[in-house]
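Shared between the two complexes below is chain A, which pairs with chain B and chain C, respectively.
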Partner chain A sequence: MAAVQDGPMELDAEKEAKPEILSDGTSNLSGNTASGTLSSSPLTAAPAGGAPKMEDQQTLIAVLQFLKRNKLSESVEILRREAGLGEHQEGSQATDGSGGGKGDGDGGDANSLLSRVSITSAAAPQSMPVKKDQPDVSVVLSAYSQQGDPPLYQVYYSGLKNFIESVLDCHRAELSQLFYPLFVHMYLELVYNNHETEAKAFFDKFSGDQECYYQDDLHILCGLTKKEHLKGNEVLLDFRTSRFVLHISRDSYQLLKRHLQERHNNQIWNIIQEHLYIDIFDGMPRSKSQIDSMSGSLAGEAKREVNKAKVFYGLLKEPEIEVPLDDEDDEAENEEGKPKKKKTKKDSLGSKSKKQDPNAPQQNRIPLPELKDSDKLDKIMYMKESTKRIRLGPENLPSICFYTFLNAFQGLTAVDFTDDSSLLAGGFADSTVRVWSVTPKKLRKVKSAGELNVIEKESDDVLERIMDEKTASESKILHGHSGPVYGVSFSPDRNYLLSSSEDGTVRLWSLQTFTCLVGYKGHNYPVWDTHFSPFGYYFVSGGHDRVARLWATDHYQPLRIFAGHLADVTCTRFHPNSNYVATGSTDRTVRLWDVLNANCVRILTGHKGPIHSLAFSPNGKFLASGSTDGRVLLWDIGHGLMIGELKGHTDTIYALKFSRDGEILASGSMDNTVRLWDSMKAFDEVETDDFTATTGHIHLPDNSQELLLGMYHSKSTPVTHLHFTRRNLLLAAGAYNSQ
Partner chain B sequence: MASPKTVPKDAQVMMQILKDMGITEYDPRVINQMLEFTYRYVTTIIEDAKIYSTHAKKSNVDADDIRLAIQCRVDQSFTSPPPRDFLLDIARQKNQTPLPLIKPYTGPRLPPDRYCLTAPNYRLKFLQKKVSSSVGRITVPRLSVGAVSSRPSTPTLGTPSVQTVGTKVGTPVSLTGQRFTVQIPSSQTLTVRSKAPTPTTPTVQNVLINPSLMGSKNILITTNMVSQNSSSDSTSLKRKHEDEDDYDAL
Partner chain C sequence: MAEERRQKLCSVILPTESMKAMAESVGVGSLQEESCLALSEEVSYRIKEIAQDALKFMHHGKRRKLTTGDIDHALKLKNVEPLYGFQSQEFIPFRFASGGGRELHFYEEKEVDLSDIINTPLPRVPLDVSLKAHWLSIDGVQPAIPENPPPVPKEQQKTDSTEPLKAVKPGQEEEGSIQTKGQGANSAEVKGKEKMRMKPRSTHELSVEQQLYYKEITEACVGSCEAKRAEALQSIATDPGLYQMLPRFSTFISEGVRVNVVQNNLALLIYLMRMVKALMDNPTLYLEKYLHELIPAVVTCIVSKQLCLRPDVDNHWALRDFAARLMAQSCKTFSTTTNNIQSRITKTFTKSLLDDKTQWTTRYGCIAGLAELGHDVIKTLIIPRLSVEGARIKAVMDGPVVSNIDKIGADHVQSLLLVICLPPEQH
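Entry: the complex of A and B
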């Protein structure tokens, strides 16, 4: 045992000498790094390898052959003695090690090894069927040759390109998915191994072939020509280490495999095995449009099993509240006017609640704050208002009231409304947060302590008396951040305001005193968005450090860290039942996280640009996301599938909101328009369709035009935020852009 | 944008770089800012490299010095976010602990005081008072407690001697985080001002209030004079009469 274990050490020493003998300076680096990988795990590319001992033996054999070939007999002796191998063992081990069905003897092994490892010879390696599930000596040593043959990368790539262009149409679309990840990985490998000129030539030749939606990435790659450039770029490092996921049908995959093994293109095969994850499905190959709709993200698509976890997308039960029936609404009107999302009961009647919705989480799945008296009063107000709610639909579009920020030279970067639309907060690039009162009622802060002392505490209107009338004003300015404020969020009880900024902190402000209460430090990099939970107490923030964090207002450290995105987290939203958090990121995926254990339960790909807006439908079943590519994508959370695509906007969509009953989706974008879409229709069509739930490949109807209910231009004001009041009036906010 | 002919060569290079990176729309001042940054960065690196090369007793600055200079600066100014495996690791640790239960009926839920920004971050050196012009005003003995608790709702202070005050956070003036000022007007009429160096009347009582709310810091009650109309001068009420030597340093 000991002998075998010592073997690899000796091997490493030998191996480090070998590349020098082969007299190629550039491969020195590769030799060293490769020996590192050898000592850790020789077969990075062969997942279902044999026992590690077997692999070590094989490596030993291979080295012995090599030494013999080069007539280094003394080294051969030493190695043989140290490794405890006998003459006979080599032969048997070789045949054992070469796995089944190959029938190559030692000579064949050595030949293939030699040809692979020698860098000067441009001869293609001999036929050595490299099966994915068989450990192979050649595969072991191919680690060394991965970085070799820089000029041949172009040859390999064009070879693959020619092959793919020659296959049947139905397979071509699927196999074309390979181009982009292969291109990037080959380029990065060339850069990583300091072959700058070859990398540039490779890039110039093949970058034009890539899909148009990868152009932004290619711009970034274009500027990366040296290994040092890679060092600080976490996104690309993550790309290199994570596996790009592709969905390919079994037929296409067989074609590809056969070709690569025929052509002895082990280079490409190696890259495929190491950097790509090919999710094979049985069925019809997908069409180009299907593939295009799902691809675009930095990590490819999502593996199918990732999107299979159960998600409790139902809403939590509404608590029982006695509504005083002292106003003019009849009960009949109440029943009719109730919004659809209240699946449970009519509070005024006090009837029994329905059974637990199987799709809804348990009430106590995550701890939620209790309902205070003020919250109960709020709920009663809410229900009263909801009776007066306008029912929207294609025939009955909402009125839109646009709040334009004039002379916002400070640079408006974030806006939020309270749920009852009484307050409006704006975050600015000059690091202030300003709060306005939307109603005629002015903003008042609580009196100072001395004044509070003299008021009558037992009077009925004590809550009015504690407010300071003298400093009442339309708006208040909150100073505290030291960088532009990129996200603002009101708490549901209107007591607090959160703001997240480029200085890396999230600040909690009191709306009673208009001062800052807490600064939550955790992200050390700009925090792009923050959002309060619909029940208060929890909030989520996402930033440049590629994670989203879940906080509670009374903990100075985050409770959960949602790590997994490959690039900045630009948008964070809570699900209406507060059990899940959706995050959109610059890596062009949307992920859904479970608050309970921070597992990523859904990965949704399909956007072609960073995602800047997310909206959950009020019934919790659907999610809408908008990005810089101008498309709004609709997702079914339960199945994890894309169910709709709304095209029409020409610029980044920064605002998305569903109406209170979920019938209309409003989207606002930088192209100065607000568009209204018929979400009812979009979701209805889905429910009658037959999901291909196993493969997750759905054919999207191109019905954006039918779903578009209205498009409204503003006069050169990009739309930053949208909000439906409780009565379904649409409020929009943006800063007037005079250019 | 200025026409390329009148634009200096460096700026033309910068415009070309922006174009290559795919940035087509930008303010004209962006070029100036980028040039400034480039100049500053390059000169910093070259200066550092010069220092390293003289330290290594080389006559010229060579590529290794530059490389070293860049590396040192990168770790200092252009930090990048932590790598993915590190993030996954700390995420795994953080996510194992279950979500903490929420105690009901605890008022506003905020972290412990030392993690909040609710404490005033200054204290005044002395309490200034001046005789007010309206001597004839009747002063009403009044107990004003300026307490800084981090709870915007109305907590009781837990001591019978001090009246409950609905203290809201954000009484920003002159109170240290754990001190109360109780100003009991004495027979004189005095207006408290911040500038005059005269000390107040000698009736200063230091009373230790139950420190349970405020941790282990001492809570001082000083009696002081306050006139009726000083409420308009909101700063004066909360002024603490303090002889520095008597009290613990904060």
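Entry: the complex of A and C
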């Protein structure tokens, strides 16, 4: 605990600093934009913030030193000013560093920082000629130039291996976590220093010992045999820039430290100091299964302090509803007054409980668009529908309607339903987006401007008159992208459709005119997913450039950039209260971002493969994520804990959805099955256990089979999307695969 | 374990010879060994990198197969110009050539006559994407409709019938039963199944709907309305959910044949044989378990002495032909080294064929049954008998008029023999 004590305080300071920036931005912009917008000025708040994180500071100092050495004093000044780094701070760090704070310390942050600085200062001249255009990269790489005797690496590693295998069982599991990061760093060090044959021998000897869930990374590693390869490889660059995080109990850590000091095994000790971040905790060492459930991500587990920030996961109250509902009541009293009354009561009950929700964010924490009349009508429809909703449960499973795309030779890549289940959109690999009406109501375009002119605007049925009957059809094709469409998302009001594509753009389509309205450029690389906020107006996109971006439909530049993932952002989802965004990535982590300040508030590790689907529970408390390894993991957002693991699928899970009341989780996969899980039971079982909440060490029950309520095979049709209608009928969609 | 993994991870690099060949193809004459090695390492690394990126596109394209398009997209990511217009009909479009002490693989580029391409008719426009909805599950139970996979896959029907003990093995039950077998199971069924495993599955209870279906289908199959019958047979031949009714159908057919042969009811026998055909056409049924009932019924329809009330008028010959075809079909699909259906059937037919006292009707059936089994059977078993049969036919034809029935029989056997003993190419 001692190591992270200053964590929350630092975050508090940040929190205080951020709203100021935000309010500055709004005041600047208030003249020309609508007041109800997130200010677009503080892009990436993180690096510019008042208190840069430790690693940032290290990098900054390294860069400063590099600049100084090259006599670029002006740049030094500017950088220092912008980073808010005092001269004395940097100076003292440097002098202290050269004074030689060698890695014998207590594992504290300051100590490792010092040793790091001393290394960079020693290595910088050497790295200069290698790469001038990307100083930060070479600085990072140069951390490897400090070398031991290459043939001895195997001895070091097997020495440690023997030691770890000989310690007590309870420590062995914990210390075994060291194997993989050490293995990778030692291998890279060998490669970096041009000891090709030693590197290969080292790899061959020890790669088999690594945990099977690191296979993918090992495949990439084994291709890397030359120093030149290191520069371009993004995956491994990340491995070095971000430290691999391990959670180890104090006892085990002491044991390791003593061993390494006794043996004077400086090589390994240095790597631990430089490249690993060991999060030490007091208490019982974790068991193998506990460790296995949390590990697997590209950069180890999440630091505990990262997940300490408070997340307002509660739902926003919806006060606007009651007014129109009463109106409606008056109007429709003579029709069916009584049942309506009941509904209103029920509803006010519901919203009352929401009002008391202490976990809900402030109503105006994120400025939300005002409800239009049509939105209110839709809300009323929603209320009506939800009274007819079926209560689901283990004894009462939903019916599933499967929408099969036939003749989709070009490849179906994405599907979305509107919330009221009236429209269906499909993104295809041939760059088209198609919209279907799944109700008898056909899709119609608005008439052309000339024709609209002659319409009498005062007439009652003007909304009906503006539609062009001649264009009525069951489906419409939207052309515009120049690459496969990987994500589609309907706006909640059904007026717009978003699509994201390989061509690096996100496009906004009007479902009135069936034309493209905006192309949002910014990602430059394939955009893997996009998702509209549940309140409309905002949307999020994530792509190969490893960042997720928050956009507003009326801004052509992103409002926020969520940077931090170490690999592609593969899927993005808005929290039901629109204050948070969850992203899943190829780096095998799920992150939760605060929309207000673009901070990462949760890092969830435990997946063993790229994450391809995410779903929030309707009450906003839980998150489900599915990955290529066929497992669904359940997370408690408030505590940042893994609370369940659903095993059963044999292939990538592309679709996850909670039923409207959250009792059932449906998952759809490449293995042609839809599975239904008892999410209530999964959540209940964990909530009773408060030990896990305090320590953060989960012990997952292996009860996937009990939680599995049903499994339904389709005929060679992978399940691409799942959707619960407002009455809790489950809709599934996928393209029939004739092979 | 570790050994295997290491094997898999062993880094593979392109041979230096390929580098030389490729260098030659772009006009670089003599490449030094060292540069070849450096090149091949670099190229191998880049190819791996691109393949890894291409995999991402495959995953996001929601496919299991990597396509050339994925590789193009991956190249685009790296700012490399994708390969335009590359298309290969074959899996590996390389040809091998050797000579002058060298061995080469090259890409064969044939000359293409443009006028050929222009003159060929355009291929049909592929069908447009369409959307079709069906019920995957109704209140937690998967309906047995053609859009859904068969409730109990054929493999499981097979394991259930051939290895009933396998399913009870502990350990397999947990993962295996639910992952691969537990279809359309709601929670109650899942639990029920695990218990069910414990006892042998001898009894099959049909649901009310299934009983109703069974009644309707059997009535339609043997009823008088031909349109209804066609529908019923179509249902038997295509519906995926008949597994549980199969024992009933099989008994229905065998009992039906037994009764109707005695009553010489030709029409009903034909209807029953059509049912057998429909059952055999259904791809979701595992019929092996019920052959002991079906084959005797079919064979009866081939070789029975009398199948109709008026043998001189009714066309029972057609039934024999039809049943013989069925027999041949089941020999083809079900005959294995363990059940030896084909050889047993052949023996039965031959035995009665060799018997002098065999009636003409039975004789006809035997010959038809054998003939359907293929040319080899005809060649080895029927052709050697031709002279004997010919003499016998002649005796009936030319001899004193014994009975009209015999004469008709002999006549049919003769024409049958004439047809089947033609050389194969004239068939």
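As a convention for this text, the second predicted complex is superposed on the first by the 554 of 739 C-alpha atoms of A that agree within 3 Å, B and C clash if a C-alpha of one lies under 4 Å from a C-alpha of the other, contacts with A are read in each partner's own complex, and residues count from 1 in each chain.
By definition in this document, a residue touches a chain if its C-beta (ideal position, glycine included) is under 8 Å from a C-beta of that chain, and two chains touch if they have at least 3 such contacts.
What you see is a predicted model; the values in this text were computed from it and never measured.
Visitor: Using the superposition on chain A described above, determine whether A:Ala552 touches chain B (first), chain C (second), both, or neither.
Guide: A:Ala552 sits against chain B, while chain C stays out of touch.
Visitor: Now for A:Pro358: first (chain B), second (chain C), both, or neither, which partner does it touch?
Guide: So A:Pro358 meets neither chain B nor chain C here.
Visitor: Should A:His544 be classified as contacting the first partner (chain B), the second (chain C), both, or neither?
Guide: In the superposition, A:His544 contacts both chain B and chain C.
Visitor: Between chain B (first) and chain C (second), which does A:Pro440 come into contact with in this model arrangement: first, second, both, or neither?
Guide: After superposition on chain A, A:Pro440 lies in contact with neither partner.
Visitor: Mind working out whether A:His219 is in touch with chain B, chain C, both or neither, as first, second, both or neither?
Guide: both
Visitor: After lining up the shared chain so the two structures overlap, which partner does A:Ala598 touch, if you call chain B first and chain C second: first, second, both or neither?
Guide: After superposing on A, A:Ala598 lies in contact with chain B but is clear of chain C.
Visitor: Go through the superposed model and pick first if A:Thr652 touches only chain B, second if only chain C, both, or neither.
Guide: In the superposition, A:Thr652 contacts chain C only.
Visitor: By the touch definition at the top of the document, which applies to A:Asn233: first (chain B), second (chain C), both, or neither?
Guide: Touch partners of A:Asn233: chain B and chain C.
Visitor: Need the overlap of the two footprints on chain A, from chain B and from chain C, as residue ranges.
Guide: Comparing the two interfaces on chain A, one with chain B and one with chain C, the shared residues are 215, 219-220, 222-223, 228, 232-233, 525, 544.
Visitor: Where on chain B is chain A touching in the complex?
Guide: 20-22, 70, 74, 78, 80-84, 87-88, 90-91, 94-95, 97, 99-102, 104-105, 108-112, 115-118, 142-147, 150, 152, 163-173, 231, 234, 237-238
Visitor: Taking the touch rule as given, give the residues of chain A at its contact with chain C in the complex, in rising order.
Guide: Within the complex, chain A touches chain C at residues 200, 203-204, 207-209, 212, 215, 218-220, 222-226, 228-229, 232-233, 394-413, 424, 426, 428-429, 434, 436, 438, 475, 483-484, 486, 502, 525-526, 528, 544, 568, 570, 586, 610, 612, 628, 648, 650-652, 654, 670, 674, 676, 705, 708-715, 718, 720, 730, 732, 735.
Visitor: Using the touch definition up top, name the residues of chain A that touch chain B in the complex.
Guide: Within the complex, chain A touches chain B at residues 215-216, 219-220, 222-223, 228, 231-234, 237-238, 241-242, 366-370, 372, 445-454, 457, 466, 480, 495, 508, 510, 512-519, 524-525, 537, 544-547, 552-556, 558-564, 566, 595-598.
Visitor: Which residues of chain C touch chain A once you look at their complex with the stated criterion?
Guide: 1-3, 5-6, 9-11, 41-42, 44-45, 48-49, 52, 56-57, 59-64, 69, 73, 77, 126-140, 142, 147-149, 174, 178-179, 182-187, 190
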